[in-house]
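The structures come next, written out as structure tokens.
Two complexes come next, and they have one chain in common, subunit A, joined by subunit B in the first and subunit C in the second.
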Partner chain A sequence: MQTYIVRRLLIGAIILFVLSVAVFILLRIVPGSDPAELRCGLNCTPEGIKQAREEMGLNDPYVVQYWDWLSGVFTGDLGTSVVNFRPVGDSIKARFPVTFELMVLTLIITIVVGIPFGVASAVWKNSPIDYGVRVSAIFGLAVPSFWLATLVLILPATWWGYAPPLGAGYIHIEEDLWGNLKQFVPPAAVLAVGSAAGVMRLTRSSLLEVLRQDYMRTARAKGLAERALIVRHGLKNSLIPVVTVLGLQMAGLLGGAIIVEQIFTLPGLGAFTFEALFRKDFPVVQTMTLYAGITVVLLNLLVDISYAWLDPRIRYS
Partner chain B sequence: MAGSYWDKFTKQRISRRRALQSAGVAGAAAGAIWVVGCGGGDDDDGGNGGNGGNGGGDGKPVRGGRYSVGSAADFDTFDPYIGIAASVGYFPRLYNVLVNYSALDTSFEFFDLATGYEQPDDATYIFTIRDGVKVSPNALGVPERNLDAEDVVVAYDRIKTLPQSNAAAFINKWLASHEASTDKRQYTFNLPSPYYFFRNRIGSPINTVVPKEALTDANIGKLRSQAAGAGPFMLRDYAEGTGATLDRNPNYYRRDESNNNEQLPYIDGMDVKIITDRAAIRTAFQTGQLSVYTGETVDESLQLAQGQNYTQVKDPVNTFLAFTMHPEKAPWTDERIRKAANFAINRQEFVDKVYNGEAQANGIFHWPLGDLALPEDELEEFQRYDPAEAKALIRAATGQDTVKIKMMYPAESTIEQHSLHLPIFLQQLKDGGFDVEEDPQAFGTWLDNYTNLNYECSLALNQVYEYAEFNMDWQHSEGPARNNIYAVGIGKLYPEIDEEIDRVKGITDPEEFKEAVHELQRTIFEKGPAFLPLVSPYAITLYQPYVKNIPQGIGASGLYVNTWWIDQA
Partner chain C sequence: MSKDVAIASPSFFGEEAARPEARLSQRIAKLGQLARQNPLGTIGLIIILVFAAMAVFAPLIAPYAPTDTRAGGVDESMSWSHLFGTNRAGQDIFSRVVHGSRISLSVAFISVLGGGTVGILLGIISGYLGGIVDSTIQRTVDAAIAFPALLLLLIITQALGPSFGTIVFALMLAVIPGVTRVVRGTVLSEKNNQYVEAARASGAWAPRILLRHILPNVVALGIIVMTTLLGAIILAEAALSFLGLGIPSSASWGQDVNKARQSLPYHIPAAIFPGAAITLTVLGFNLLGDAIRDIADPRLRGSR
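For the complex of A and B:
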């Protein structure tokens, strides 16, 4: 297992390297506003822009620029924002808890809603419950999160004059639990709609598959209670594809969080990345891409490791 | 300010109008503001003339309460000499100017750090520095002392060293020399020659005075997230992406003479919330989380106000879309083609279809600038909608019925109703004999090309122009910021236009200036302008009913007036 993890981490490092190089180059070749012009600001003369380019190291060969940035990453210096001159590391540190909490809450809602309803749908196949779950799942998959987020924001405000705290900054859970939940549950629920729908459908199909297996019939013939049969033998064995999808969904949610954080005014990494992309804030975009890459690599590793727990027959070498 | 507009778009994609409007009670980019369904009449701003508030039925001022503002843009810095976007609207809250004049209400003057000035000649201003303009408590270690003339000298000297400073164009061009008197109670500003817009420039938020201790090497970097000034408020904290909290400056010098010399401001503070999504800002206002909201359109504001007790302030907006033609690229080098474009545009159609009648056509100077714009009847002649005349001009210039043009525009912009203007505009050009090859571009690409004049013509987004200097400079060969950026002025073709613009700027008598400005516009129309502002709309700003004594009729000068209060009883 250890060898496997080390090997996966090495492969992950290579992936991250390729990713960072690609983003680094793409950012520099796409047309658009020059970051040196941005830094130089209003009334900037061509000399001023030249000076800004020099200060930002944009005149150096790409290899040198890339190495400067990468060595900074390893030494904890993530650079300074082109736009507001603030250290990127400080910004990430301040915003990470917001996105992390949003992701965790989304994951919880996805699991709590997706798996039980998926199980119910499989167990009571072709019943009204099953139809209800399947229709809901299709709705959840079809509705884009930005649209749902806007509705969740606007409709309660119009009907009942209620909205979650907007522009209130990060309400820390340890300071104000109720305020924190008011702030995070609506966006997490919006993000979870799509992923829970996917998990519901997958749980249903996967569990149906398992329920048809011979060993399930044997267990039932031995007189095992239906609940134990489904939970202990059926559900656990059907979870491998679900866990895989959950891992992928969590990685994909980083993208969804960009929009949802904007709409619900959560000062997280999603909104931060979006602004940086728009402003061509090189150091921020590069760092955030690396961060997203690391998240995906680690989530995938975690998913792979979890297989061994879910199915003891799986061995890594 | 033209540059800051585009920097701002690049950074935040909101209009400066919104940044400023959200910054204060004033509805900052306003022209003639009036209150609908709220007490009228004028009220004093605290002793310096002008009409700083709506007064009237708002009753006796109440102390306390906090004012919540949504800002679609984040603060980039609290250094007024390099700050743009949201920050600019808050510099008047934190710092002081020598004096501020409203470009919209010429009777309004707000002496702040200066109590007055003398003018031994047209190019010299000697300001008397007010005693008791005391720095607020702050985290930068700046002593709570009174500002003096030396602070002004240090501040403006610093601008000179910053080529990127918003104020650099003004200071570098118009500050010939300056000095503080020995007792530091007088500050002298020497211009190289008389300059009509001096009063507008010196009172701008980007020329506010920061105490010299805050501009030391040790502190300058800290201005990214901290501030120390002697303005009405002090910065308690700022969190990137979240917002800023401003508290009342207990040292603020100003008192309300009309209310037992009560110290201003009345409110305890302002909470500036960074809310980038428009629907979220509106929702936050609807649910009482914000004190103020400006609708995207008049209709939106009216709809939102239905059945509510909001105070409505309707004002003309100093912003517009413009058609820009590169005067050195064919076919726009020919004045007949430029004039044909002018006659092909039916400005009233934009007024009716884009703004539901809540807008007016612009000339070379946009109409919210008041009587500096040409009278309506004259404009109707200079820029009449006459596609037949447009076609005749094209035929005369090319010998053909149509002329082929390539027009770029930002493809994905919804700013200032751009997407609604575009199809109408394209149809009008077609009807006027233009065979348009469309060139939609991603915003960043468009901006790059627009900035560097890498295009033939464009339907362009433009910014707030609160005073007429920018309208004039758009026609100048060096462009609106006089740095050759965005420079499509026909001064490139007619040096006499450049000379006339510079001459007019040197006229200091208001009446004479107005006449000269009118004459300048006539000359430009006769030569075929390459920069055509289309229409400027109205906007309605909504305030929660508890916001009282809203400054009105003074535009951005409202940011300096702190006689408003909150009454949530």
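For the complex of A and C:
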């Protein structure tokens, strides 16, 4: 198991390296995006730009620039924003709780909605419940989250004059639980629609597959109650693909966070990345790419390790 | 897969060509049967055909030009003269939705076709050559699949500037990894088949084996994967437009939803209809993609 984890982490490191080099090059070869101008400010002279380029090390060869950035990452210096001069590490620390809470809430809603309905759909196959679940899953996968978020904002505002706390900054959960939930439940619910739809579909098809197995008939023959049969034998054995998809979905959530944090004005990492992109804030984009990559690699590893727990036959060596 | 091979065999066409009228009615009967067995896929196909017709005949269907600010008053609600009402700029929302299908569909088709072709080629190269080429391509594919697609799309379009070319390019990059991986897997298993061994033994050189023997077997699979990706690509393009990095155009669904979100006081029809159009189109492609995958290759069932 340990060698397996080490090997996976090494492969992960290679992937992250490829990714960071690609983004690094992409951010630099393109015309019309000179962070030195941003650094220099509004009343900028050609000399000022030159000086800014020198200070930011933009005149160094790319290899040197990349090395500077990479060694900074390893020593805990994640770079400095060229827009507000704040260390990127500080901004990430301040904004991480927002995106983390959004992801956790989304994950909870996804599991609480997705798995039970998926199970019901499989157990009562071809019943009205099954059709209801399947149709809503099909729609859930097709609805764009930005549209749903827009409607969640617009419809209550028009009909009842209600709006979630927009532009209020981060309402800390320990200070004002109700305000915090008002701020986080709508965006999390919007993000969960797509992922819950995927989980419902997958739970259904995976459980149907398991219900056909011989050991299920054996378990039923030995007189196990239907409920215990489905939860203990059926569900646990059908969860592997579901867990994989959950992992992938959580990894993709940073993309979704960009959209909903923008719409619901949440000061999280998604909004941070998006603003940085728009302002061509290289160091921030570069570091956030790495951050997203690390999240994905770790989540995938976590998913694979959980397989061994879900299915004891799986052993890593 | 075996079904495709049977249809493509020369004896099948030769035999049928002798009785063209029999072939036609047989084909229609077969299609009807297929449609009855896959009602959801049929619904999907109908939705797509409707939207495709809308895109092709947009100027004939839309009562107003999409940019015409004098089509009606400001924020009119639904009526016979303005089916979906009008927006803040006084433009006819129905006409904008009809015209918006052009960008969505053309971008999706071009990028899936282009990215799919590159993906198939890369998959064949990767699977057939193996070794360092294979591992280089596969690690790159891993990196691309692992990364949040929307973030990658945003970085590329923001770096290169939003235009038709760059967005198609960025979306192609999003299509390539998935297709490459599936095709590579098939090539790996095809490579060890006896017929490839026989071809190699009889002195056929590598490109010939690839073109004549392996390509036909993986193209079908590649096309299936491409169909299932069309819906996702439409969603991605709409999200880019929504975030202001879409193709500059006269009418775009994603942009219109964004505009409706930003203009206070809110006018509900302006937000509802463009988004509903995106949802329906994606729904159509997903339903068709699922059906095609189930018909063509049961092994892929539930792979999404």
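Descriptive notes on the structure:
Keep in mind that, in the parts below, the second predicted complex is superposed on the first by the 316 of 317 C-alpha atoms of A that agree within 3 Å, B and C clash if a C-alpha of one lies under 4 Å from a C-alpha of the other, contacts with A are read in each partner's own complex, and residues count from 1 in each chain.
The rule we apply is simple: a contact is a pair of C-beta atoms (placed from the backbone, for glycine too) under 8 Å apart; a residue touches a chain by one contact, two chains touch by 3 or more.
Computed from a predicted model, the values in this text were never measured in an experiment.
Of the two partner chains placed around the shared chain by superposition, subunit B and subunit C are both touched by A:I263.
Of the two partner chains placed around the shared chain by superposition, neither subunit B nor subunit C is touched by A:R53. Looking at the shared chain after the overlay, A:I154 reaches both subunit B and subunit C. Of the two partner chains, subunit B is the only one touched by A:G169; subunit C is not.
Judged by the touch definition given at the top, the superposed model places A:A292 against subunit C, while subunit B stays out of reach. Shared-chain residue A:R95: touches subunit B; no touch with subunit C.
In the superposition on chain A, contact of A:F85 is made with subunit B only, not with subunit C. When the two complexes are overlaid on their common chain A, residue A:F278 makes contact with subunit B and with subunit C alike. Subunit A residues in contact with subunit B (one complex) as well as with subunit C (other complex) are 32-33, 150, 153-154, 157-158, 262-263, 278, 280. Of all residues in subunit B, only 1, 3-4, 7, 10-13, 70, 74, 76-77, 82, 84, 163-166, 168-169, 221, 224-225, 239-243, 273-277, 279-284, 286-290, 442, 444-445, 447-448, 451, 481, 483 touch subunit A in the complex they form. Every residue of subunit A that touches subunit C in the complex is listed here, in rising order: 11, 14-16, 18-19, 22-23, 26-27, 30, 32-33, 138-139, 141-147, 150-151, 153-155, 157-158, 201-202, 205-206, 241, 251-256, 258-259, 262-263, 273-274, 277-278, 280, 285, 288-289, 292-293, 296-297, 300. Looking at the complex, you find that subunit A touches subunit B at residues 31-34, 37-45, 47-48, 51-52, 83-86, 91, 94-95, 150, 153-154, 157-158, 161-163, 165-170, 262-265, 267, 271-272, 275, 278-280. Looking at the complex, you find that subunit C touches subunit A at residues 40, 139-140, 142-143, 146-151, 154-156, 158-161, 231, 235, 238-239, 242-243, 254, 257-258, 260-261, 265-266, 268, 271-272, 275, 278-280, 282-283, 286-287, 301-302.
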